[in-house]
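Going by the order they are written in, the chains are A, B, C, D and E; count residues from 1 in each one.
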Amino acid sequence: MNVIFLILILFLVGAIVTAFAGKWSSLLQDGLFILAVTIPAVLFFTQVEMNQLVGWTRGGIHLELGLTPFSYFFAILVLLLGVASAIYSVGFMHGKARKSYYYFNYLLTIMAMLGILFSRDFISFFVFWEIMTWASYLMVVMNGTRTQEIGIKYFVFSAIGAYAMLMAIVLIHAQTGNFLIQDFIDTYPSLAHGRQILIPILLLVGFSVKAAVMPLHVWAPGSYAYSPMSFTSVFSGALSKMGIYGMVIVFVTLLSHLPEGGLIRDIIAWMGAMTAVIATLWAIAQDDARKLLAYSSVGQLGYIVIAVAIGTPMAMLAGLFMAFMHGLFKGALFMVVGAVEKQTGTTDFTKVTGLIRKMPWTFLTALISIIALAGIPPLGGFIGKWMLYESLILSDHYLLVIVAFFSSTAAFLYAYKFLFGFFLGQEEEEWADVKEAPITMLIPMLALAVGSILLGAFPQLILKPINNGLISLGFSDSYGKLWETSTLFNEWGDKVVLQPIIYAIMGVFLTTLAFTYFRNRKRTRYVSTKDISTSGEIPLAHENLTFKENFFQPFLRAVEPVMKKQIDWYYREFGAGLEAIFNFTRRIYSGNGQTYALYAVIFLIVLLLLNGNLFGQ
Amino acid sequence: MQNDSRSQKIVDIIQAYARRHSLWILAYGTGCGAIEIPSTMTSRYDAERLGVRGAATPRQADVLLITGYLTVKTLKRVIRVYEQMQSPKYVIGFGSCAINGGMYWDSYNTIKMLDQYIPVDVYISGCMPRPEAVLSGFGKLQDLIKAGVADGPKRYEENFDWYRANQKKIIKNWNFADYNW
Amino acid sequence: MDKGKRFDTIRARIKENFVLSQDKIYADKNRLDISVSKQRTPAILFFCKEQLGFIHLMHVGIVDWIEDGTLELVFMLWSPTEKLRVYIRTRLNRENPVMENMDMIWPQLNTYEREFKEMYGIDFKGLIAAEEFLLEDWDGPPPMLRDFDTEAYAQEVFHTRPGREDAQDVREAIIKRSQEEIPDFAKKYSRQ
Amino acid sequence: MEILQYIFGGIITFLLAFVVGMTFGGTRRKIIARIQNRYGPPIYQNFIDAFKLFSKTSAVHHGAMHYMGPAFLMVSSVVSLMFIPILRDGGWFPNLNFHGDLIFLLYMMVFGSLGMALGAGQTGNPNSAIGVTRGLAQMVGYEIPWIMALVAMMIQFHTTSITGLMDVQLQSGTWNLFASPFAFVAAILASLGMFRYAPFNIVGAPAELASGPASENGGKYLFTMMSSHSVFAFVKLTLFADLFLGGAGNLVELLIKTFLLYMIPVLYGVVNPRYRTEQAVRWFWGWPTVFGIIAIAYAVWST
Amino acid sequence: MVGSPVLFVAIPLLAAFLIPLMGMIWKEFVRIIPGLVLAYMLVLSVSLIIYIQSHGTIVEVISGWGPPVGINLVFSPFSGALTTLMTFLGLLVWLYSHKFKRNVDYEPAKKYFILLMLMVTGSVGMVLTGDLFNMFVFIEIVSISGYGLTSFFVRRDSAEAAFKFLLMGAFASSFLLIGIMIIYTQLGTLNMAEIAQRMPQMDYHMKVFSLIFILVAIGVEAETFPLNGWAPDVYTQAPGPISAAMSGIVVKAAVYANIRIIYTMYDLQGAYEYLLIIGLITFIVAETAALKQERLKRMLAYSSIGQMGLAMIAFGIGTKEGVYAALFLMFSHAIIKSLLFFSGSYLVYNKTSKYIKHVNGMGKYLPITAFLFTLGAFAIIGLPPFMGFWSKLALLSAAADSNLVILVAVILVVSIVEAVYYLRVVNRIFFFKKRANTKPEKPTINAMIAMLSLAAIVLVIGFYPDLVTGLIERAADDLMDKGRYIGEILSKN
């Protein structure tokens, strides 16, 4: 059996076995679960050969699986997050209801994502895509809160995307006679012009939904916020990247043949930019960490969409690098929220404060990840942002730079809110006995945070796989050009100079300052957060002085006109209108026998009257 | 910097100079004295030329200016503020109320002697002292700093039990934490 | 309408509803003064507010009638429509001053009641006060009662700074200069 | 040896920035005093204050982030300083500038503020947090005209590096102040927010917020903050001089140019009261942004 | 040859008569005989299917009168596949209701199984017959048994539903009779093959009139749009297994009749467009009407109508791919909808009103049933890797191949509506709190076996559709090849 099949089947079998193992022993279940993720991951990295195709037939349709360098890059992300989050899940799900359900869907999701990356034909692509959708749907509704609203919204939008994709797929089939991706790519330039435009647009709609691009993003905040945090780190970190994966393929292989391709790219880029701005503003307004991160994810995906839509070599690298970075830091951040939720039972900023001394490692993860998120040098997030701006400027997309920069600056607001909300501020009595998260949750979190730092110093670790992938898609070798156009990655052998320099300067000064302070260490003493300047007033132990409510009120007041109505609102109205219409169609069936008989007679008469026109000569 | 006595001496001199020419005041404006501070600070008398400047919070301030009477209730706050300030720190009692209770000499809830509760470096007499008097008070404080006798925190630390006993004598419910002095 | 007539109507309406046999009612130019028993006070206050339009509680005064052994509360009401004042007086036993809590009639009464409680020791039944109001950490007698000796208390509790030898009594110095007698009421405060 | 020279040069640069920044601060105090018809403190008053703060003998901290907050600020200033070309020909002041360093600087400048904000956050003082939120809001406000100005220059001169922009000015012989005047106006208006002097001193807002993020910082913390603010002011002024006034050939020229630039926010601040936060944000999205748009249009038109 | 197609009609009919007689001997026979009969029929049909693969279509002549004079039964790959499906479903319905009716008295159970056997007889007969009037007779058998089964629970609502069904059925019968009359007067024959052969000779208007009458008549049974008013009521009021049988067996037979008439008997191209348009309208109206339903079985009924609409669309495409898709859709719908009816009946078991809200929280009490319902819901939405996906893909692919892009778009958009109402129920099952006054009822072992076997089919076909695609493809070939059909039957002369 081919190792690709083996990996997929291991996941599937693992999912079923893990789901049932809970009946006997919880510990066994945890162990099996981790094994079910790690063994295929190890197999993937050791056994799978690049560019090897496995074909088989289902239902008279020829299907092919294989690994390309491009999907290899995404597979790294999926498996990295998959394994990290799996280990985390063991701690997170400990003692929670629906553990088997969770493990089952988790493994199915990872399997489906890998399947998508393996797919070399549209049918298996779509099949895995849909498995991913419903497995993640089941995760979104898992907590049982607002399922009819959030879950259905997620599913409807996924269905819009998936069905757009399905439509494209059957149209492709009508054109090429089979479902192979490569065949379609080869025949694409010779298609009729209408189809040439229609098919990529349909595919892009499909991918945009998962990548949460502006008008199709409304599912994302709720879904990210209400699925279990351990899953959301995969959901937002890796699953959303499947949309990016598809988009990049469409951009590179299809739209480059199309005269209108540039226009479509620009439109998508602007949609991404709008997503980034609006989602960032909404993230600022959130008081719940989960929702904040959810909106933030949408915003960050907006940047990635900008980058891949621009599609210059550097932008493509930037987009994919940011996609990877986003997986790392957003995965870690959702894990942080999960840890806080696990330890305190709430994710509301206005309730939880001052956990920094209770959960220092969690805070450290959050800090590093937030720095990466905000794109502050020298962590990896900055490199992605820098490449994005650089490529936007070099490709003359000046307005996009401004928009992107604006939302990136505005992202500082929610970044600070996130750190401040949970960890800083007054240390309260209520949370006095909160403990640090268990080790199984800490290790994956910290590992991802370390990943952010590592990629800050050595971005080439991941830029090279990206570049290989892009070359395999038929893209020019952009990695080499990067050295020519920029000195940020000034090459000394294979090292990057600038980042270590920054690290060095920062290190030297931090040490100096720390030394200066520690010289007087005996005079520097710790005082509690109640001992603050309060104009003389003495806060009692139960009084909460932390400033949490309406955190960014002045800013939100300034941007109020933009935020009056959410896009959600339009969808809701539209949905309500549709339901009203559907209610009318329901009334057609009046429940009255005479009416039905009347229908029958009228129908007969109408047909008889129409007969000449109806059946033709 | 080594523990060389000569270099230490130079540093001390510079320190003393810096300290007396940079007095950041935290005005605890309890009574009518608070109104004298603006005129001291603004164009007419311009205390800033002496390096006197307002500080926003106790952590940043050098001088605690008690501008008037203190009731039992406000004394509590003053003690807290004083303890939040960072050494070296100075206290200026301002007006006769701070000195001996002034017109509140027989009031049932106004303290009569500020220096029983926190170490006071300089008293400025008057009811109220005019800005000239305030400036001369700052001058006196500068002299004391130069002479090295404005060592309030040291006195407070050394006689801490005595101060605390006095404070607790009138503040019956000592319900705020002792900040590990 | 004539002011006196309006007073008459108000007085009549109060009399209709309240048996004021032992209470006396009189009116001067601007105000109506009513003395009622403490049991009837909440009812009459409520009546004045709801029925007669005296919706504004201007002030609540208190007098320590140490000679009578009573504390007198004066509720001063104002009617913005009638432009008239009504004073409602009630007396409490000084030894054991107890009264019903009335802050549901006017929320601002709460503040007065808290102050009276601390300063005069009046016990308002059912008064919910979050914390100490004016006198923090106070464990002495109510300081505003006339029999409270504030000087003695201050001498006892606070450290006092000894005076200077050349200090002069201000009143005596003035008297010496202006050749006037010290008024009787001030003699107590003079340093003899 | 090269490394040693770099390190030595770095220290010199830092000292220069510190001294110049502090002196400018003192000058500002003096100028404000004279405008208010006061005698005012001596110009070197800031040095005295700084030394006094440094020689405070006791200090408290509310935890690790509070402890490190001012240090982050300092590090950010220093790293930014290292990437700013002080003089046109370098000389004693080496810099690590590279292609695209403008973007790097934009982000590096935020690093310290964010670190400081974290430190302020850990104190638990509500004023600090309010100050931080105001500061962040204001930053989003002025960032738009500022970026517009920079993008306009990038369009016009096709470079994203500071030295590149300086070279352009050297070659053409005109300052960017004249080559792209609208960008200069937009940038200068944005700089009003960057310096956080009145009317944009909403972060510290002494009478409202008790100095905001700094409210729990005394002694050495405040010293670090003060000196890094001074260095930072120098960084910003030099950046402006480099971008718009053709950089400086020697120290005197640098001092004159930076001082003139410094006077703009100072003098604008002296005669203005304080804005509310949303007013400030909207102010930046008003005329400064209009100038920014004009600048971009001008840049597109002129190339 | 293992057996004769005649047995498919004869045995269940015989069983229907034998049930009361045997019931006098031992009451349990009433419950056992139908099972034995259906099992035998299943075995028979499978073996016949295998047989015809090598030997070609079986045409059984009844009582020696060869076509076109006598009645004949045709077991072709197309009708054979449907017969197998029907007998299989019939067996499962029996299995499901065997214990389901345990708590029902002997008398009602007797009636139930008699009527069930008649229903199977009629449906299988409709599929197998080669004679138009014979088909009319079978339709009447199905209808009458349907009326009886609808009012099985003797209640006001059931009676009302049965009456509606009766009313519509009466219209249908008379129209069908008129249609047949026209054909007979024009062509002088009732044998379908001969009609097909002689159709070109028929006057155009007469042709159209007859077709319209027949289409409207069969449309009632096949639940086409304006004629399907009875269906929601009947599905709601009939016992759960009967709803499954209705949607799985009866409607399939009616659609078969519809298709056989249009594809084989008539040569009107416009009829395909009629199918397409009416199918589309049926689909849209039914799916949108289902969204706001408050009762579970009513919702399933609308969904069933919608799926039949899909099948008609697929037939209306008129290409071989379309027929293939349609047959696949019918097959998967029969399986999945039965699964949904079976499990849904237990989720709202002891509530006569069967409101959707009564499924709240059942996932905790009836985990397997709830899981099976969810599986069915996912499958019918068309989520891979379940069976419904492959049929939907076939349909869309067929439509796209015929360049019907708009049709593809409309089907997909309406499918979203379908997904919404199914997922709303699924969410209720698992994530809502159980209502205080609902009592979960554990499914009996038989019902569980029936449901599990259906679920197994859904999963297995989902993962390995090749199991049935070959069969369906042959059936589609068979339907498309009109000449062979005529030839095979008339050659039996």
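Basically, contacts are C-beta pairs under 8 Å (C-beta built on N, C-alpha and C of every residue); 3 or more make two chains touch, one makes a residue touch a chain.
On a predicted model such as this, the values are computed, not experimentally measured, just so you know.
J.: Are the chains other than chain C still all joined, and if not, how do they split up?
T.: one piece
J.: In contact with chain C and with chain E at once: which chains are those? Just list them.
T.: none
J.: Can you name the chains that touch chain C as well as chain D?
T.: Intersection of chain C and chain D contact lists gives B.
J.: What is the chain whose Cα centroid lies farthest from the Cα centroid of chain D?
T.: When every chain centre is compared against chain D, the largest gap points to E.
J.: Among all chains, whose Cα centre is located farthest from the one for chain C?
T.: E
J.: Between A-B and B-C, which chain pair shares more contacting C-beta pairs?
T.: Of A-B and B-C, more C-beta pairs in contact link B-C.
J.: Give me the ID of the chain with the smallest distance between its Cα centroid and the all-protein Cα centroid.
T.: Going by the distance between chain centres and the overall C-alpha centre, it is A.
J.: When the C-alpha atoms of chain B and chain E are each averaged to a single point, how far apart are the two points in Å?
T.: The mean C-alpha positions of chain B and chain E differ by 96 Å.
J.: For chain A and chain E, let me know how many angstrom lie between their CA-based centres, rounded off.
T.: 44
J.: In angstrom, rounded to a whole number, how far apart do the mean CA points of chain B and chain D lie?
T.: Their C-alpha centroids are separated by 35 Å.
J.: Measuring from the mean C-alpha position of chain A to the mean C-alpha position of chain C, what distance in angstrom results?
T.: Measuring from centre to centre gives 70 Å for this pair.
J.: Two-or-more-chain contact residues of chain E, please, as numbers and ranges.
T.: none
J.: Would you mind listing the residues of chain C that make contact with two or more other chains?
T.: Answer for chain C, listing residues that touch two or more other chains: there are none.
J.: Scan chain D for residues touching two or more other chains and write them down.
T.: Where chain D meets two or more other chains at a single residue, that happens at 57-60, 210, 215-216.
J.: Which pairs of chains touch each other in this structure?
T.: Touching chain pairs, listed by label, are A-B, A-D, A-E, B-C, B-D.
J.: Which of the residues in chain B come into contact with chain A in the complex?
T.: 28, 56-59, 74, 76-78, 80-81, 84, 175-177, 179-180
J.: Name, in rising order, each residue of chain D that touches chain A in their complex.
T.: Listed in rising order, the residues of chain D that touch chain A are 57-65, 67-68, 70-71, 74-75, 78-79, 82, 96, 98-100, 103-104, 106-108, 110-111, 114, 117-118, 121-127, 129-130, 132-134, 136-137, 139-141, 143-144, 147-148, 151, 154-155, 160, 210, 215-216, 220, 224, 276-278, 281-282, 285, 296, 300.
J.: Quick check on the complex: what are the chain B residues that touch chain C?
T.: Listed in rising order, the residues of chain B that touch chain C are 72-73, 76, 99-101, 105-113, 116, 166, 169-173.
J.: With touch defined as at the start, can you tell me which chain A residues reach chain B in the complex?
T.: 525, 527-528, 530-531, 533, 536-538, 540
J.: Residues of chain D touching chain B in their complex?
T.: Chain D residues touching chain B: 29, 33, 36-42, 45, 48-49, 51-53, 55-60, 204, 206, 209-211, 214-219, 222.
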